[in-house]
Amino acid sequence: MIQMTLIQIDNYGPWTVTPRPRNESDLQILQSELFADVQRQFAMKKGLVFFTRFDNMLAITNGLDTEDHLRIQRSIRNRYPITISMGVGAAETPHEAQKLATIALQNKGGAQQKERKEILAVDSLAENSENYVQVAHVDINSVTETLTDIESAFDTSFMVNKAQHYLMSKLIKKGGLVFFIGGDNFMCPCNGMSAEEIEETLKELYDEIGIGLKAGIGKGNNAEDAAYMADIGLENIRECNNEKWIDIVEKEYKD
Amino acid sequence: MIQMTLIQIDNYGPWTVTPRPRNESDLQILQSELFADVQRQFAMKKGLVFFTRFDNMLAITNGLDTEDHLRIQRSIRNRYPITISMGVGAAETPHEAQKLATIALQNKGGAQQKERKEILAVDSLAENSENYVQVAHVDINSVTETLTDIESAFDTSFMVNKAQHYLMSKLIKKGGLVFFIGGDNFMCPCNGMSAEEIEETLKELYDEIGIGLKAGIGKGNNAEDAAYMADIGLENIRECNNEKWIDIVEKEYKD
Amino acid sequence: MIQMTLIQIDNYGPWTVTPRPRNESDLQILQSELFADVQRQFAMKKGLVFFTRFDNMLAITNGLDTEDHLRIQRSIRNRYPITISMGVGAAETPHEAQKLATIALQNKGGAQQKERKEILAVDSLAENSENYVQVAHVDINSVTETLTDIESAFDTSFMVNKAQHYLMSKLIKKGGLVFFIGGDNFMCPCNGMSAEEIEETLKELYDEIGIGLKAGIGKGNNAEDAAYMADIGLENIRECNNEKWIDIVEKEYKD
Amino acid sequence: MIQMTLIQIDNYGPWTVTPRPRNESDLQILQSELFADVQRQFAMKKGLVFFTRFDNMLAITNGLDTEDHLRIQRSIRNRYPITISMGVGAAETPHEAQKLATIALQNKGGAQQKERKEILAVDSLAENSENYVQVAHVDINSVTETLTDIESAFDTSFMVNKAQHYLMSKLIKKGGLVFFIGGDNFMCPCNGMSAEEIEETLKELYDEIGIGLKAGIGKGNNAEDAAYMADIGLENIRECNNEKWIDIVEKEYKD
């Protein structure tokens, strides 16, 4: 099972314009530092956070328990002008896990209700023996040569966003998720999807919009291990000149 | 004229996998802290940076000269394991400005050429008397009520990304740019576009995908002032219950 | 036993002036961000880091093992232009523990030897059943009323430094350590010292230089718990109008 | 004239223990990140901040005006759970400048008065034509060989603190200041002191406690330039094997 956590800034929208709109640069710094900060804390226990919408972040958190989450909430409260609430859910697919996490938190009140503050709503946690994370690290073939060094920076960004939109549309139907992680890279939690399904998805996308993607697929007991295995898979594909669509690597745990 | 700067991490892709893939959480922290850092430095002079692809960031930099850029490059070199190159361009439209900035940098070598390091390539700077920035701060109507508090976190993220993709497709044709700035918010540099064109764009998008957007439009001599005016415009629309599509506010400078 | 870790930036001095002196402000930012960063990582496992000399930091690390230390070293390598080496030692007194940690690292080479890089030298680790931390949180009585709001900022700083110097001179002889933690506060690891010895030290110091100190003394299995108990002790003294010199609080662990 | 700014966290002491003591690691992170943050902002305009007591920081701020200070205060308010007040003063000696800055702020209320919040109290600013900063960058001769690689980390730290205490005692009488900047380094604003006085001070200190110091002395129109010149001076002394006590370098400004 994959365990996911939704991290939501409490009552953030209203705060950004009270008493009058706060400087956009300050908000951008606040958001990205908050992301870096929770990332570092979750990463200490082998979790992985995606910035998502910044005021709402999603994380793979297999191996982290209730106390771990509470400690992170407290740490943020002590150092930021805002607080965060969290929902946690575990399920067979990433989409289901984040949905359970979201519902658990929504049941405690709306994101902009003043009285809802620093909630930790746990729908379910993955048992130790159940921990299983599958992620695909997807990138665009030869992006530097075909886009970065040729097109304008914004046009490249547009193409990357286009790839993301189509990839999201396809994976969401199969229980998978897509997170942009910078450059031309996407991290896709995809428990429950077979290698064939993933390869098929990339081929479809290429046929539809002409953007060639490849996917290193990693499996492990936690986000860190799975993501690292996915990176190894991606390197394997690069080494054979992108002649494969996908490559799967599974972390072996010694007894 | 709007002046834009492309900020590019030198030879970043290869670095992330040398000698073997670096931890994804570390890369995420590095990228978001670098963004926060350059943001703070550009913001001291009323510039505004967009994270774009993180390894390639775009910024509105009216009012910053060559020395300002060099100081930021040096500051990054002293505190990060990577260096940054920059291109700068000024033009009548944001798309043209970032294109000039990109070309200036591309002419100095590719993003993954080892010998290209810490380049500052200035195509053009806006003269003091020419500084003029127009940005639209766009958000989704009632996103908390219709998405955040009802849909799963990822589904909301998908809808926001969808809005971004369609908005990008439309504005890019008119010389405008779209940057996601978190939540359900986009900042769109749009020098040269009329209020009617912007309103028309939002209406078209609503007809096509059913997502209702509004835009506060701000004008000023630099990014900070223009963005703040755009925020005021957005507040004006909220105060009249989203009954308007757009609202324009122009910063008046006293002699 | 108390376990202490020495964290040393590799070959830092030469780096700061190569190829020419780096901007002092950049070095200050680098050092303080590095300190904040390792602090956050050690704190995730209930350790506590003191900035000490910034290029050499000391930490109480009961509960952290070899892998925890290695992960922190790797994380720093991935995000900073410098690397860190560490030595670890466990002993009955803090002074002895940091000495073992230092010797272990010194045996691997000098701080400015180019070939010595990212060493982890473990002299000894405290067993789980042996973990025991005693710290005194010391502050100056009524510093705001008698110094901050009356004297110049530098003169207050001078008085605080003076108190530190005398406190260091006294505690070092008894196996204790003193770390400035901001304001008028010192954190003093003091395993092996009795309450009477600590009280006696504060009285002596008052007789010699006329600065009145108080000490909350905390005991626990790790730095976080011990420091928190010490804070509670300090609050207890404040509540009785500083009429006591010391107050001891011990964390009780439930089975 | 040298211009100095006192940066004080508003009502910080009470905040750290409300509603109960906050985690020491969180406070350490908050303080050091705040320092790094204001440093980066002041440094953009060639100022230089010293961490001093962290809740009270002193900065050399020649070249920064009232608006610059206000912008920094606002930026901090938007991103931290605390706010900062500032006092600014300009005088012929650093001690007098920081005293004027302190008095200006003290006149607006005590550091722990709840109603005093985000004050900017300007006693005086240095005129452009008057800007003049003299700083001595002082370090301990051969500290790595004689202390770091031989003594325990804490004993070295004790020696450095001892040197600081004696240096402070001496310079304060002559209108100079001493700030520890990490390692074995001190930055000493010393407008009004002659080279002979500084050399004499170092010799006295060596006679009294046997610690050999050297000083690069820099002069410029702002903190950045003066500190850089001081670094050059220090390099000059190292190049002649520490055979000189001091070396003076003055920045020349071209018309």
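Labels for the chains are A, B, C and D, by order of writing; each one numbers its residues from 1.
In this section, contacts are C-beta pairs under 8 Å (C-beta built on N, C-alpha and C of every residue); 3 or more make two chains touch, one makes a residue touch a chain.
Computed from a predicted structure; not experimentally measured.
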One copy, chain C, sits on the other, chain D, after a C-alpha rotation whose size in degrees, in steps of 5, is 180
Over half shared or under half: which fits the residue numbers at the contact of copies chain A and chain B, same or different?
same
By CA centroid distance, what chain is farthest from chain C?
B
Distance between the CA centroids of chain A and chain B (whole Å) is 22
Averaged-CA centre spacing for the pair chain D and chain B, given as whole angstrom:
36
Could you tell me which residues belong to chain A and also touch two or more other chains?
23, 26-27, 29, 33, 40, 43, 75
Per the touch rule above, chain D residues touching chain C in the complex are 6, 8, 12-13, 17, 21, 23-29, 31-33, 35-36, 39-40, 42-43, 48-49, 51-56, 58, 95, 98-99, 101-103, 106, 110-112, 144, 148-158, 160-162, 164-165, 168-169, 172, 177, 181-184, 187, 224, 227-228, 231-232, 234-235
Which stretch or stretches of chain D touch chain B in the complex?
37, 40-41, 43-45, 71, 75
Within the complex, which stretch of chain A touches chain D?
22-23, 26-27, 29-30, 33, 74-75, 77-81
